[in-house]
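So, here come the structures, one by one.
In what follows, chain A forms one complex with chain B and a second complex with chain C.
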Partner chain A sequence: MHPLIIGPLVTAGLSSILALVISVTDKIVNDYGEVSVDINGGKKKLAVRGGSHLLGTLATENIFVASACGGRGTCGACKVKVLSDVGPHLPTELPYMNAEEVEANTRLACQVKLKKDIAIEIPESLFNIRKFRTRIESIKDLTYDIKELYLALSDADVAAGGIAFECGQYAQLVAPPYDGIKESTQRAYSMSSSPLDKAHIELLVRLVPGGIVTTWVHTQLKVGDEVEVIGPFGEFGVKDTDALMVCVAGGSGMAPFKSMLNHILETNAYPGKEIWYFFGARSKRDMFYLQQMAELEGKIDRFHFVPALSEPNPEDAWNGPTGLITDVLDTYIKDKMPKGRPMEGYLCGSPGMIDACIKVMSKNGMTQDKIYFDKF
Partner chain B sequence: MKMQRDEKAAAERMKPGVITSGGFLGTEARALSDIIEADEERFRALGIDFGSAADELERLKAEGAKGLGEQMTVGGRLLVKSDEARGSLPCPYDDGFFHKNSVTLELIATGERLAYSDLSIHLLREHHFCQGEGGAFRLAPDALKRLLLL
Partner chain C sequence: MTPDVHPVTLLFASIFTSNILLSNFLGMCSFISISKDYKSSFGLGFAVTIVMTITMVVSWAVLKFVIEPLGIEYLSFIIFIIVIAAIVQMLEMLIDRISPALYLALGIFLPLITVNCAILGAILFMQIRSYDFAQTLTFGIGSGAGWWLAIMLLSAIRKKVDVAPVPAGLKGPGITVITIGFMAMAFIGFSGMLTVQ
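For the complex of A and B:
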């Protein structure tokens, strides 16, 4: 055989043997055997195979801790309190922790490797989170960059009671590997469907440049496709008081408010609440659900919808309020909304939008503990 | 060009699925050092510098943020949109964490677009890395000159 062929063959052979030795050694040295996970002081006890990370291990046991990055350690969402010793915080965890969290041994579940028995504390609400198999029933273009997905739960999931959630909660959509993306990826989206519709989940997904899941939704997903959804998560929701409800959103931030308004229409919930909903867009091509919101206004006496455009085009023939939604909100609170009644703020959008709205609301006498938000 | 050890480690972290699902190298087959060298060469040929480009990207990001999630017209020629996401990303060169965000610039006249993030600005300013061709966040020198009027 020619030496030019023998050389690479020998190298490949040696590499294979070395890989086998490493693999066998890894299995022997890193075999942690069975490990116990004690959750919330014995309320749940799991016996699991050691060696994997806590986030994934809990998920295999149908306990889903929120994670926006799918366990890559880049979102800081999967925080759990660890009551036993699992070693010091890793450099990958510390950027997401404040001093109190470090002191309390709060950890990122995706970074904690299960090497021995562990005790953790998580919100009890996580026990209600489930993974649903769904099929895409419809996809609608709401604007050039926002799609409405309507997902039908599988027969088995419907038979098990469907999805039980509160208006304002979100679900995680699981995108499978596609194109060059080698792993499945999860992202969180507020549910825009009504909680009474337990057999479906509706999500509004705005295209984010370079976004793995939003690109998948906008370029790959089609009616009939089967997708996994995990939920419900989150604590954003309507407070049962008679305070004036002042809602502000832009873009796909519409989702929780659509859910809340339809639920109020269906159930006449919170009858003492007057609702003002400010929705901002740049021009008419970014605006959607105008007809639906007008219909809701017609059916719910105590609901007022205020859409505003920040940069309307001449062809938009826009007669409504113009300017940034914060300026419109400020004007309405000062000049058009009822005076002397307690107010609550409900915000859904980018951190920048939420911070700007909080400033306007605070300036107009709302206290920060009465301003609730769902930051993207 | 031969890569230094830390550059090799950075190139590994730039692969899809390590820091971001899509990675930083786009569809490049070239070595990281070759990508950077070629872009540095192009910057020189165009008479632009990395610091000024990064400064202008920062300024446009701040202008876009005023749109509160919607596009803003800036200078009558660009549409700028600043989006934010939960969490932060480590630099592949291991020298800092950066808020997860994306800014989109669109030249109104032609529709040409550029997308970048806080991490992209850092990579451009500190490491002269414009990201690989074919990547969603590639800041090609010629496109930077056209869109930023450098």
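For the complex of A and C:
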């Protein structure tokens, strides 16, 4: 036979044989049979196939542990407490753990392989995380690049109790493959609707140039389309203390604060809190919800809204504060806000804005552990 | 033609006089990067020894029963690499099942070894020097053990160097490469005592 034929044939044949041996080994070696997962001391018991990682196995059982990297062990978000013995921590887990977490046997769900029965502890709120089927009820243009999506949960989801979330939490919007994008993609958006309405979800989506999901929302979505949403996630929320609440947002960072303020209006929650909300935009065409916020300011005595433009156009006829939101924040803390009261920072916006705000807040005597934010 | 070297001689030769790391400078990247930690060095050295021995024997079989009969020596690089990758993959699964403790010790090193040139290098020496089965086996064990010995020595030295007053510009890889140079010179002292081919 000609060597040009023998060569590829042998290489391909050898590779196939080795691949076959590997998959047979995998089948035999990685068969751990059925293992049971005990969650929160018997609250929930799952019987699952062993051999794969905890994160994925829980997801197939509709328990969604937060994970930004999708189980590649690079984000450290999927921490769960493991009560039974699953061996010592892997080198891939340790960079994301502090000493107390190691002591408490906190693990990364994406690195723990299910080999035998296991007992774990996860926040009760994870049971509320579900995949919801929703239909788009309305899409509003808030600015030239921010859309407000109003989603109605399917009847089945509403019958099952709807979405139970706290204001400040976020949901992952699932964009199916479209145009050149071959894979389904998820991105996180804070919910701007009130938690009392369990049948609807409102999201604010700003168009990010080149963004997969935001481009999909801005160019493909129409009223009546069905979309999937997974949630709620996140720990960003109002702390029930008497400290001054200093909120800073830009662009679609408005979302969690809209939810919080409407919630406070509806239920008079956190009665001891005085709320200062700084909202920054470049010019009038980036500004939205001004009227809604003014109405809220009228209805909630302890709420103060400070919108600021950094580069107002002459035709904007802007007579509010101007300058970078961080500078406006600085002046207000120094001159206009009540002095001597403890303060808490709540930030939502671009990473750059958040870092700049943290600097200003620290400079004005606020400690890092009292500054809360979601960076995405 | 099979060289006239006793397998036991070859074992010692490959550990000391023809150390794959310090005479041939193969497998340098993981040698330099992992040697800063004593425990990891031990794990990696052990993993290299096991993988080296097993891949060597399997590659010998593939060489004798597939490559040579079919006259496709020009493909041996590709075939050896495929064989190494597949064996490492299988070893990883087997160790995970049989001994989780050992898996933990070797865990992250096994995939690293797939691209360790010392393994491919030793296999190619085996082919060029046309070792027979017994020689291949001891050469595999010896080369692995030699690599293991070298990385343990280096990490022990680095532990001392870490607390020594090293000029700032030489800290880290700089002083490590110099150290390796000295080690290699020391090992040159053994050369010529035993022949490997």
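What we mean here is this: the second predicted complex is superposed on the first by the 259 of 376 C-alpha atoms of A that agree within 3 Å, B and C clash if a C-alpha of one lies under 4 Å from a C-alpha of the other, contacts with A are read in each partner's own complex, and residues count from 1 in each chain.
Methods note: contacts are C-beta pairs under 8 Å (C-beta built on N, C-alpha and C of every residue); 3 or more make two chains touch, one makes a residue touch a chain.
The model shown is predicted, which means the values in this text are computed figures rather than measured ones.
Chemist: Looking at A:Gly87, would you say it contacts chain B, chain C, both, or neither? Reply first, second, both or neither.
Modeler: A:Gly87 sits against chain C, while chain B stays out of touch.
Chemist: Between chain B (first) and chain C (second), which does A:Arg72 come into contact with in this model arrangement: first, second, both, or neither?
Modeler: first
Chemist: Per the contact definition in the header, classify A:Ile6: touching chain B only (first), chain C only (second), both, or neither.
Modeler: second
Chemist: In the superposed arrangement, does A:Val208 touch chain B (first), chain C (second), both or neither?
Modeler: A:Val208: touches chain B, not chain C.
Chemist: Have a look at where A:Gly352 lands relative to chain B and chain C in the superposition and call it first, second, both or neither.
Modeler: first
Chemist: With the two complexes superposed on chain A, say which partner A:Leu14 touches: chain B (first), chain C (second), both, or neither.
Modeler: In the superposed model, A:Leu14 contacts chain C only, not chain B.
Chemist: Identify the partner contact of A:Gly280: answer first if only chain B is touched, second if only chain C is, both if each is, neither if none is.
Modeler: First partner only.
Chemist: Is A:Ile22 in contact with chain B, with chain C, with both, or with neither (first, second, both, neither)?
Modeler: It touches chain C, and chain B stays clear.
Chemist: State whether chain B or chain C is in contact with more residues of chain A in the superposed arrangement.
Modeler: For chain A, the partner with the higher number of touched residues is B.
Chemist: Pick out the shared contact residues on chain A: the ones touching chain B in one complex and chain C in the other.
Modeler: The answer is residues 92 of chain A.
Chemist: Using the touch rule from the top, collect the residues of chain A that touch chain B in their complex.
Modeler: Touching chain B from chain A are residues 68-69, 72, 74-77, 92, 95-96, 180-183, 185, 188, 208-212, 250-251, 253, 280-282, 286, 310-311, 324-326, 349-353, 356, 375-376.
Chemist: Within the complex, which stretch of chain B touches chain A?
Modeler: 16-17, 19-23, 65-73, 82-90, 97, 100, 102, 104, 113, 115, 135-137
Chemist: For the complex, give me every residue of chain A touching chain C.
Modeler: Its residues touching chain C are 3, 6-7, 10-11, 14-15, 18-19, 21-22, 25-26, 29-30, 87-88, 90-92, 113, 115.
Chemist: Which part of chain C faces chain A closely enough to touch in the complex?
Modeler: Residue list for chain C touching chain A: 62, 66, 70-72, 74-75, 78-79, 82-83, 86, 89-90, 93-94, 96-97, 100-101, 104, 107-108.
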